[in-house]
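There are two complexes below, and they share chain A, which is joined by chain B in the first and by chain C in the second.
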Partner chain A sequence: MAVPLKYNWRNLIVRRTTTMLTAISITLTVAVFIVLMALANGLETSLTSTGHPLNMFIMREGSQAEGFSSVRRDELRVVKYLDGIATNDRGEPFVSAEAIVLTSLLRVGREQGSNVTIRGLGPKGMALRPEFKIEEGRMFRPGLREVLVSRRISKRFQGCRLGDQLKFGKGYWTVVGIFSAGTSAYNSEIWTDVVGLMEEFSRNDYTDVLVRVKSAEAAAQIRQLVTSDKRLHLKPVMEREYFESQMQTATPIRVFGSLIAVLMSIGATFAAMNTMYAAVARRSREMGTLRALGFSRRSILTSFVLESVLIAMLGGLLGCLLSLGINGVTTGTTNFASFSEMAFDFRVSPALLLTGMAFAVFMGLVGGFFPAWRVSRSSVVNALRSC
Partner chain B sequence: MFLKLTRLTWRNALRNKRRTMLTVSSAAISLFLLTTLAMVYRALGTPYQGADTTPRMMVRRLSGIVYSMPSSYCEQIKNVPGVAAVSRMNWFGGYWVDPQNQFANFAVDADTVFQVIGSASIPPDQLKAFQRERNAAVAGRRLIEKYHWKIGDRITLLGSPYPFRPELVLRGIYTGGPEDHFYFHFDYLNEAMGGHFDRVGLFWIRLEHPEQASSVSKAIDALFSNTDAETKTESENNFLLGFVSMLGNVRGMLLMIGSAVGFAILLIVANTMAMSIRERFSEAAVLRVLGFRRRHILGLFVGESLMLTLAGALVGVGGAKLLFDTLGLTKVAVFVWADLRVRPDTLVFCVGAALLIAVLASGWPAYRASRSNLSEALRFVG
Partner chain C sequence: MASLAIKRRQRAAKLLVNETDGKERPMSKPVIEIRKLCKIFRRDSQTVAALENVDLKVNEGEFLCLMGPSGSGKTTLLNLIAGIDQPTSGELCVLGEDIASMSEDRLAAWRSANVGFVFQTFNLIPVLTAFENVEMPLLLTRLSAAERKEHVLTALELVGLADRSEHYPRQLSGGQEQRVAIARAIVSDPTLLMADEPTGDLDARAAEEVLNILGELNHEFKKTIIMVTHDPRAARHATVTRHLEKGQLLPLEEAVLSSSA
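Our next item is the complex of A and B:
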């Protein structure tokens, strides 16, 4: 028969101070773990969810990122009419030749600037990106120095609100709309028309071309055509894959976060162990009484471990609650692959909260096991005799 | 008296060996973590400390480092009073064989680059070979150690944003200065780009006197204000800080985590002390009956807490210093370099924090034990 849980619960309440101290050290460990993983989560989500499965970037071979690529006009002419590229109802290829420019803008409340990507899109550029949506204002008109700013950039950088005059290139551009693009990496960009942008920066070549292919087989076909054509020095890469490959930025954060969490958890587990050893020592007569009453060694062991787990769960719950505050907070870093800003939100998912609780329970289990093992092995008589 | 108390404190700490071990180990691990976080925080604030970098400055485009300046600026900068040497410096961004092997490679003016660095030493014959041959390159000691290169090796840089692949020959190895850099000729870059390549990413300059930094930077920027390519001249440290800032609010995160860790240590030590003091409540009363004063009791308990925490600090903080001094890491993130070692002020801060934690953790229960009502305390059953 199991030792009633009420016994453990009452003990925790009587020893309030030590219960709280132990629980809070677990709270801190769990909270730090969840916040750091939420950071990595947010980063990864914004990169993995970018792209239509049938969109393909065509950029310079050997370029590590869009920003370092260039596509000449004669190359564009070849690529545009390749067999396998989807066409719209008017028979025009579903293609957007684009240009990327990096500009340094000041963050709100900071003196140092960060690079932000300005993307010039072709007329079909918006349609190629199904998650695109104008939230405020209107679409820019080509040639009139008008831009659309993504909501995240608008929040984080100076001079990017609706109606503001944004300075880059040779002069000022008007922000005529705020857009969002699902949870994709496009949420960290400023968009305008490609012709106007290229003129401003005296560019002759496009940066890359985004195309919609008819099917997966067509994609393979186009890949073959592009790489084997000697006139072109281009490489095709699916839009989804391109952004996913940049996820390497998130890995160091996960590693760093896990390392910190492990180190902190050792500290917290030792605290739990200390508490439970003290509890065991203090309650050895009680334990002897329980044994004499007929409770088995096993049920006493379980009872103690459960008590430790209870403390840990208390701490874990508090930690989860604390870390919820960070959910949805927008932050950003420089995606060093593209060398420009990537804004994203902290994402505390239910799975992450569950992981946090499991982590806490694990700490409780480890912390409670050895002391409980000890108490379950002592003889009844000695236990009853102790003070 | 003090010595007697110290001995008593020591014996008390050893009474419950397991508890002491657990507390000290946990404090040690947490203090190791705290020291590491403090070290990175400090390094991100001042990437490189010391006289090595202060005479050097960077000139870049005001509108951002992704833009370039005309080569003609070189002569004009050289003629600014206070400038001892100038080198053009274009970040090339290539890797060697595998994309994993990324390092800092630059196209520079071979004639002046070592004058700019100042603190690097290279055998004169190697320097001459480097300056003489158009496709020659030099690398710092750290790079050599990492990739096991030798003089005479052919090194080809791939994957650069520049549309060519330089095939270079290693002609020199230097020590001192930035030892993880790789330099080749700007002229090589120029030729490969058609011969009229006029886009310089950075000008690396050395000041005759570091105190003139402010006046020289103003003079240089004034030269090019109101042109199409305005410049910003800043110390090498500030230039590196620009990259740190691009990472995002890392320092804020470090501060938050560091505080959590510090607070956790406090809780762990406080937990231990609370338990110990409660168990010895009546003992403390006995000691007072015997003639020990209140302040002795206070000292006894706070001393025990200090002993535990300092032992943890020795292992944790000391261990961190040893580890990072041995590793000598310099790379924080892809573009962010800093001197990652535990600096003296960080050391003092961490040990000080440990001491403060020790006092705070034991303060309240020790105070209560020292001021308790004697007869009640003697009767107290923990």
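Our next item is the complex of A and C:
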């Protein structure tokens, strides 16, 4: 039979200052871990959830990101009429030739600029992205230097609110609408009319083409056609795969986050260990007494490890509560594939909270084990003799 | 007042006898048999013989008082009999079992079933109430919570502290703490009661109370008690007093049977 848990619990209450200080070191570790992982999660979510399963980008051979691609008008004419491309309700090929420009905008409250993607596209481009929705204002009118700004960019950059004048290219553009695009990567863009944008930047070529294919088989067929056509120096990439391949951006955050969490956890584990060594030393005679009464070594070991785990769980719980505060908060980072701002929400998932708790329990187990082992190994007589 | 005390004890006696599987053990059966018992401590390169060739027999129902100067080995002998220390050599048979050869886990279970401890410094768990302290040994038994409660209250009643059951050790006087410790020692109805200087930290009045309770446990409940003490008054309650010196048990001069009639 085990030493009752109330024994440990009351001991924790008696030395509440030490308990809290130890718990806080675990709280901070768990909170930092969850926040960094929530960051990576949010980034990955926004990249994995972007794209219609039958959408396909057609871009320049060898380009790793849209920004490096270009598609000539003669190439576009060939692409438009490829076999396997779906048609919209008006019987036209469901194809959107688009242009992308990066511009440096100032962050709200900062003097530092950051690259933001401006995408030129037409009504078909919007229809190809079903999650697209104008939340405020109205659609831009072609040729009138009007733009739509995504909600997240609007909040994070200067001059991006509805009605503001935004400067890029040769002059000012009016923000006529705020849009959202689900949880996708398009939430970090500014959209305008493709013709106007290309004129503004004196471009002849499109950046890439987004097409809707009829089916997965059709996608394979188009892939075959495009790569074998000598006139085209293009490659087709499914929209989803394209964004998922950019997840490398999240990798450094994950690695760095894990590293920081591991380093902090070493500190927190030692804090727990130190606390438990002190507890063990102070309660050595109590342990001797319990052993004399007939409690086994194992029950003493379990009791102390549990006590340490209790502290850790307290810390972990506080860490979870603390980190919940950032759930849904928008942040941004530079997408290393496209070199442009990528805005996304921290995502604290139940699984992540559980992982955080498990992490805390692990610290408690490791921190408690060695002191508990020591006290459970000492002889009853020695334990009784200590004060 | 006196009649109340008697009634209380009658109830307690009933409960405790019920626990001892209903069997009356015949008196004067040896419960402890020790032959050529040695305990040698090694400190660095030096060896110190705490006990040398001790022979001892303790009969059931005896109240044995071990006396002797500091360092004479009396506590060591007590610890060996109680199964919390291991002898270097010799025979150590307690309640018919060779406890020197038992594993640590078996020994713990054996102690829980057969031995009650009373320490000089009481050793109550400060974060537990008197009730919870007394309940601790019962957590190692299969008794239900209700049965445990009954036993704990009886044990506390027996030491006259039923009304203090919700008090924490810091809210009790030294004498009361030691009485709670005695209640803890007897709550699981062990055959042997080990008391190491039980009055060492108490004033004269509290010491007398504690000794009276121990005497009563010996007389009325037939507990075999081994008590280590410096206190000559304490020895008066014992049926047998043995002296130790430099690790050796001095021969029994004459039976000091102050209260064995």
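Please note the rule applied: the second predicted complex is superposed on the first by the 387 of 387 C-alpha atoms of A that agree within 3 Å, B and C clash if a C-alpha of one lies under 4 Å from a C-alpha of the other, contacts with A are read in each partner's own complex, and residues count from 1 in each chain.
Just so it is clear, contacts are C-beta pairs under 8 Å (C-beta built on N, C-alpha and C of every residue); 3 or more make two chains touch, one makes a residue touch a chain.
Bear in mind that the values here come from a model prediction, so they are computed numbers and not experimental data.
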Partner chain(s) touched by A:Leu28 [first = chain B, second = chain C, both, neither]: first
Touch count on chain A, higher of chain B and chain C: B
Which superposed partner A:Leu162 touches (first chain B, second chain C, both, neither): neither
Touching partner for A:Val381 - first (chain B), second (chain C), both, neither: second
Contacts of A:Val361 with chain B and chain C, given as first, second, both or neither: neither
First (chain B), second (chain C), both or neither touched by A:Arg297: second
Touching partner for A:Ile266 - first (chain B), second (chain C), both, neither: first
Chain B-touching residues of chain A, taken from the complex the two chains share: 17-18, 21-22, 24-25, 28-29, 31-32, 35-36, 39, 60, 62-64, 67-68, 70, 102-104, 110, 112-115, 168, 252, 260, 263-264, 266-268, 270-271, 273-275, 277-278, 282, 331-334, 336, 339
Sites on chain C touched by chain A in the complex: 79, 82, 84-85, 104-105, 108-113, 115, 117, 119, 121, 123, 125-128, 132, 136-137, 139-140, 184
Residue ranges of chain A touching chain C (in the complex, touch as defined): 1-4, 6-7, 10-11, 14, 285-286, 288-298, 379-381, 384
Chain A partner contacts - residues on chain B that touch it in the complex: 18-19, 22-23, 25-27, 29-30, 32-33, 63-66, 99, 158-159, 161, 163, 241-242, 245-249, 253, 256-257, 260-261, 263-265, 267-268, 270-272, 274-275, 279, 333-335, 382
